[in-house]
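Shown below is the structure under consideration.
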Amino acid sequence: MSGVTLALDLLLGLSLVWLAWRTLASPTLFGAIVLFIAFGLLMALVWARLDAPDIALAEAAVGAGLTGVLLLAALADLQQGDNLLPVREPLRGWLLQLILALCALGLFTLLTLALLGLPSPPPSLAGQVLPRLDGAGASHPVTAVLLDFRAWDTLLEIAVLLLAVVAAWSLGSHPHPNPRIVGSEVLQGLVRVLLPFAVLSAGYLVWRGGFAPGGAFQAGTVLAAAGILLLLSGLGRPFNGRHWLWRALLASGLFIFTGVALGTLLLGGGALDYPAGLGYGLILAIELGLTLTIGLTFIALYAGEQDAAEERE
Amino acid sequence: MRISLPHHRYVTALSWRTLLALWLWWILAEGEGGGWGFGLAFALLAALASLPLLPPAPWPPLGPTLRGLLRFIPFFLWQSLQGGVDVARRAFHPRLPLAPAIIHYPLSLAPGWPRIFFLNTISLLPGTLAVSLQGDRVQVHLLDGRGDPHKALRQVEERVADLFIPHKHAMDEKENG
Amino acid sequence: MGDWLPLLVILVSALAGLAIFTLRQQQHGLRIGLNLGAAVLKLSLVGVLLAGVYQGKEYSFSLPLMEGAELLLRPDPLALLFLTLSALLWLVTTIYAIGYLEGSPHRSRFFGFFSLCVSATAGIAMAGNLLTFLIFFELLTLTTWPLVIHRGTRKALHGGAIYLAYTLCGGALLFIGTVWLYTLVGPVVFTAGGALPEGHGLSEHTLRWIAFLLLAGVGVKAALVPLHGWLPTAMVAPAPVSALLHAVAVVKAGAFGVVRILYDVLGIALAQALGVTTVLAVLAALTILWGSLRALAQDDIKRRLAFSTISQVSYITLGAAMVGPIALVGGLVHLVHQGLMKITLFFCAGNLAETLGVHKVSELNGAGKRMPLTMLAFTLGALGMIGLPPLAGFISKWYLGIGALEAGQWWWIGVLVLSSALNAAYFLPAIYRAWFRPPPETWPEERSLSARHETSLMLLLPTLFVAGASLITGLFAASPNSPLAWAELIVRREYFP
Amino acid sequence: MILALLATVLIGAGLIFFIAGTLGLLRFPDVLCRIHALTKADNIGLGLVAAGLALLGGSWAVAFKLLLIWLLVMAAGTTAAQLVAGHSQAEDER
Amino acid sequence: MNPADLLVWLVLLPVLLAALLFVAPEGWRTRLGQLGTLLCASLALLLAWQVLQHGPISVALGNWQPPLGIRLHADGLSALMLALTALVALPLAAHAPAWFVRHEAAQSRAGAFFWPLWMFQWAALNLLFLAGDLFNAYVGLELSGLAAVALVALGGQRAALEAALRYLLLALFGSMLYLLGVALLYGAGGVLDLTLLGAQLEADHASRAALLLITLGLLIKTALLPFHFWLPAAHANAPAPVSAILSGLVVKASFVLLLRIWFEIFHPIGLGGAGEVLGALGIAAIIWGSLQAMRQERIKLLVAWSTVAQLGYLFLIFALAVELAWAGSVLHALSHGLAKAALFLAAGNIVLALGHDQIHRLHGAAGKLPLTFFTVALAGVSLMGLPPSGGFAAKWLMLQAAIDLGRWPYVVAIIGGSLLAAGYLFPLLRHALAGTHDPRQREGERLLSRWLEFPPLLLATLALLLGLMALLPMSLLSGGMPVSLR
Amino acid sequence: MNTLLLAAALLLLLTILAGLWRVVRGPTAADRMLAAQLFGTSGVGTLLLLAEAWQQPALRDVALIFALLAVLALVAFVRLRHEGAE
Amino acid sequence: MNMALWFTLVGAALAAIALHAFFSRRHPLRRLIALNIMGSGIFLVLIGLARLYPGTLPDPVPHAMVLTGIVVAVSATAFGLVLLRRLARLGRGET
């Protein structure tokens, strides 16, 4: 048992490092992206190994799926014709290379020393979380931390998410790169079946998040993946950001979350101090709003605001 | 002749699909109780989402018939197992017995789901891989072009056509006419 | 907070300046009104202050800025000596400048800064502690710089850059010295006999450094050799500005600062003990001689006057550094006298330049015939500078000489005599040319500014006024209301508090 | 016990197919052949492993879930195989 | 309203406004943004007043007390920085719409998107000033960084986008280092709350490594000398109102965080010579930034390099770790915030009015834009640290600290920095003052609207007045002085 | 049984890594794209095995997401690659 | 050696490799990837530390932190990529 586990751990760790190295050293951008996606998938296995299924879920959705698609979309745009993106040669000069290598080595040594010197067992907040789960709105510890004990972080994280969309749209429209219509029939057939199932899975993940690994983020990502597939297969069109309703939907998660925070504040309980008994319901409402927002956000980040004019073209 | 109002058709499809989705929900939840309200809501949502994507045909509500499916599944499983064994045999073989070839196979199946089913199926069967669809001809890649691929493909096409009864009739008419 | 009067004196010209900025070029009347109104108002306020202080009243205004650092305005007799001079000369110079700048661009800007500059000078005069002094000292730099480069020519810009480089560095030294002293002993409030508390426990070494920093800081503005380099190049400014720099504000602020630091910060006894006064006196003497020598070599009138200023202002420093009441009286009274005489000379130079286009000594031939009143004023000023009795300059030099003897440092008399001889050597040829040489057929660039008078009245009257003043202060030096009497009052406080 | 044995056999068989798939991926001469290997062998491999695990899972729901996942992978896999094949073909023809 | 609620409102209100502004039709955004600015600014000033009256205020979010929950904490430092942000925001709300309307190079959408982005930035700044939790601060840093990059990109031209991209990469890299440091600190201390961490941390490998990483990360964001290279391009190519925000406020946020982390967590356990290094880097930044500023030919680049130099002053506190220097440093942050915002807005006005910002082509521009150049001069006075500005008061305090400690190189650096600042600011004024009046312009004609000219003037005046009212911020500060400095 | 399942997972991981060699090597873009396919099936298999071995039902959900998202990556590969790339 | 500790060290190695790549490779796309890998390394350190906690369940606080971190990282990456695409389009003369 322990021998196999040990081998598994060693293999996972070493292959992770190897893959990271290959990814970053890949001679072509496309190769780097492909390997990065593989890296994300391997990461998910490592999270599973480290008893972090929530993160494994998130990594499977993001690292393996979304980031990859976003990177590929960017690559597609970059490689259309010759663009003048500032690409300089790799760092030249042995001295600079040496300094850089020393820096990297230094970071590794620093971290190793620090990590090996940590107190054992390390101090932690786990002892604080677990006894308070009864008073929290969710029985899954990670969800309780995310949406109750440290809900403030999550609220701001959603703000970051919306900010990313606002920021992306402020640059002007970026229609998703024209997909090539190869084998669309087969693909469309798949998407037609997959999409309803993705909606169902998203719901399942949200529901599950209340008491077990899962949650709004993973669910939202699944929705986003479904939406992007819809775009890629040519079945759907990007939404029109000029319409306020779309923007309102994009911001809905943040509205609900801030609404809850300010509502609890105005009711005199202190921000995000859920009234007794309402915790679960409020968290659920927040999670549903977040799922929608996250899903739409990533779609919007993939294929940005479409101008009405471009729509007509 | 059965007269069906469009909205009636949709309501029926929605109900069936919601039920199906609820069953899937139960599967996803690994049989755990609770969350049925939630499940119902999302099952309904999923069913709703499916309506524009898979517009309910007049009859039957799902493309393949149940009878067709029951006949098709064992065939499919057996064939794909064979496909796996075939590939595994070639992969393990020290001399790599391969003779790749590409053929163009004229399709007689109706466009839409029958063709999609066909393409997906042959991609899992021994030695064949659908590469692209060009009009009514499908480009098929063969691991070993030495047999009679057309015969095997014709067999599969018939099996798939069996799945879709109305379409089969359409095909028969086409052949007869 | 305390009394608002000192603050009001500063604000009058500051607010007037800010208001003038907003005026458009054509709002001529309003600008003149504001200018003169503010100048008159300020002069009268100063008059009230003067009367009050004369009666022994003490005014004080304070505004805490930081912990242990406050803005303190406390006009003492020494402050009023300088304040009165600057307020009076501001009025005169304003009138002169209105005439001088007739029709030139950016007048609103010019007069705005002009007023601000006088505010800063008033602040320097009334500063009650070292921090306040520093603040206004720096403000003076800032507000005079735009005036120096006002003409916008390449030369003007160059002069401005040099002016800034010198004065900002000086300000920086003063800044360090000030902070150092504040750090060591807390607020440095100007006190007769020295501001350092009893038993401050500072080493001589530290004190010498601080003294060096402070004196070098003010020394730049006082144009002490070797810190004088900015002054001749700053000559390119319009004549009223030169008058302001040389007679009213900048160099005076420097010389005034030397007196303040020697007497009210370090205390003269300590300064002497540290050897600071000796060094200062030697430097002053060198400056006096060197300035005169350089002046001798200049043909450009304003440049000649500039070097003369370098030399003359150091009389004040010398008087302060000789360590003796009588010498100090000489120095202080020279603050006023030099101001009056030098402003006369600059006004005259301005008149000549504006009316005849004469810029050089060699072009002065027969100027006395063309512009008798201007040249009369010039002669009065120049003779005063040389130290001819009974003109103002003589009084100063007399006191300085007696002071040297009293302090047992007779050798300074040699310096004085030599300097007077040099003064004569560079002023007399000009006077000679103006009165005794025939005028040329055409003047370099003659303009008719007035049909009836030799030049515009706005230029002529202020010139005559200051010339008269320098004559009167000399003639009536013994009267109880003369600058001399006031200087004696100050010295009595310093030496016999 | 028999169940466990059966499961072991199924999983073991599945693994063999996985190995075959990878071997094919490494050994086969061109892209299209490699796609054959990966798609078919791995699909069967996963199906067998899932079947083995379904026996161990001890609940119908889990078994169905495994089946669902397998079907999902299979549908995705065949679609993907055709897409990649089509893509590779298109690149070759240029 | 409960004073503790103010802290929450100060973060949530701008967030909510940002979302609303994003959703609102573009035509409504300016009015809504201005209204929102008024609200947020009043709240900030109200909080500052409350802190002045009653001392520091803390709130535990969701009523979960630290170590489990997250704490927001408003002490004197927070109150001052919040007030600074509000004071910059108010004139900006008047200036920015007018500027974007007139600026042709910025696309029309830039004006519309400015508001939501700026509100996000404001929320992030407020959060960073109030953060009592290390990880919460990380989220704040990311919020601030992303908003800042997007704001830079509003410039729209190639140079702006390139600068934005570079800024983004480095900002993210900085956040990564910071997060790594936080991870190590959590491993070593098991808590994320600043105060609690400070109480229980020991000087072991992990905490030293954490200090190093966090400091490096925040230095990149604050653009201290060797990490300054992203700043000039980003700040100079952004639209003027954005430059004002970035130079005046954003870089201060990471600095304030650094201050807190150093003096509340690490100072008690002793730092060895680390502070000296930062101080020396600060000196180097003053010198190098000023020298570069002197060499620039564009006003906005000059001003941006000046930011590099002025930021150097902030870091002297790490070497002169005494109360006076602390006060001086904070005062400098305040006065620089106001003056730099004024200067960038004025530079933007110059670009609008003249169509360029080449210093050598300014001939007599002061005649055309007297108010704008008066603003430049006033702001310059504060940057040079000349009396009676806020910059002067700050330098006074820093000098006192340096002299008190006998650190003469720092004395020279502080004073030398002023002179160097004069070396790049006066030539700018000189070009503007020199030269003759343009006859084509009618006397008294306004090239710029009042909405463009008065807001920067107000800011510059505030920077100047700060020197006369330095007691107010100092009395606020004395309440929140870190224990390690007292 | 657990050890067996873990060993199986280990083996699957090894096949994945071996397959990655092809991904790194190429030579064609299509070869690289197969990475997603490889993980889509072998990765899911590994996760399912681990879920059973460690009794973590959540890992089956991870596998589900794997399956869903691996398609996305692959589709994106194919659809977003333009002529002339690489 | 403890399993969790091993993975924290792997995280450290990832961070170091990514640091090297971030500065030695110049293409913005690569640098974004490097940042993401660095992020993964950091998250690994955090989760490893969480797993070091001696209990039946790992410490959930770092888990929550990492989830937040992932969202933030992906948002930033997505925005960076949009910026990159915008720049590329600008380079081609499109608007």
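A, B, C, D, E, F and G are the chain letters, set down in written order, and residue numbers restart from 1 in every chain.
The rule is simple: a contact is a pair of C-beta atoms (placed from the backbone, for glycine too) under 8 Å apart; a residue touches a chain by one contact, two chains touch by 3 or more.
For clarity, every value in this text was computed on a predicted model and none was experimentally measured.
The set of chains touching chain C and also touching chain D is empty. The chain pair sharing the most C-beta contacts is A-G. Of all chains, the one whose CA centroid is most distant from that of chain A is C. The central chain of the assembly on a C-alpha centroid basis is E. Averaging Cα atoms per chain gives one point for each, and the point farthest from that of chain B is the centre of C. Chain B and chain E have Cα centroids separated by 62 Å. Distance from the chain C centre to the chain F centre is 88 Å, each centre being the mean of its Cα atoms. Separating the centre of chain A from that of chain E, both taken as means of CA atoms, is a distance of 31 Å.
Rounded to whole angstrom units, the spacing between the C-alpha centres of chain A and chain G is 11.
Within chain D, the positions touching two or more other chains are listed as 21, 35, 39, 43, 45, 62, 65, 68, 72, 75-76, 79, 81-83, 85-87, 90.
The set of chain B residues that touch two or more partner chains comprises 24, 28-30, 119-120, 130, 132. Multi-chain contact residues of chain A, defined as those touching 2 or more other chains: 5, 49, 51, 54, 66, 73, 75, 80, 86, 111, 115-116, 118, 122, 124-125, 129, 150, 153, 157, 160, 163-164, 167, 171-172, 180, 182-183, 186-187, 189-190, 193-194, 197, 201, 208.
By the touch criterion given at the top, residues 135, 138-139, 142, 145-146, 149-150, 153, 158, 161-162, 164-165, 168-169, 172-173, 176, 179-180, 183-184, 186-187, 192 of chain E touch chain G in their complex.
Remark: chain B residues 24, 26-32, 80-81, 83-88, 90-92, 96, 98, 100, 119-121, 123-124, 126-127, 129-132, 139, 141, 143 touch chain D in the complex. If you check the complex, the residues on chain E that touch chain A are 5, 8-9, 11-12, 15-16, 18-19, 22-25, 59-64, 67-70, 107, 109-110, 113, 116-117, 120, 123, 127, 135-136, 139-140, 142-143, 146-147, 149-150, 153-154, 161-162, 180, 184, 187-192, 200, 204-206, 208-210, 212-213. Within the complex, the chain D residues that touch chain B are 16-17, 20-21, 23-24, 27-30, 32-33, 35-37, 39-41, 43-45, 59-62, 64-65, 68, 74-75, 78-79, 81-82, 85-86, 89-90. Chain A contributes residues 180, 182-183, 186-187, 189-190, 193-194, 197 to its touches with chain D in the complex.
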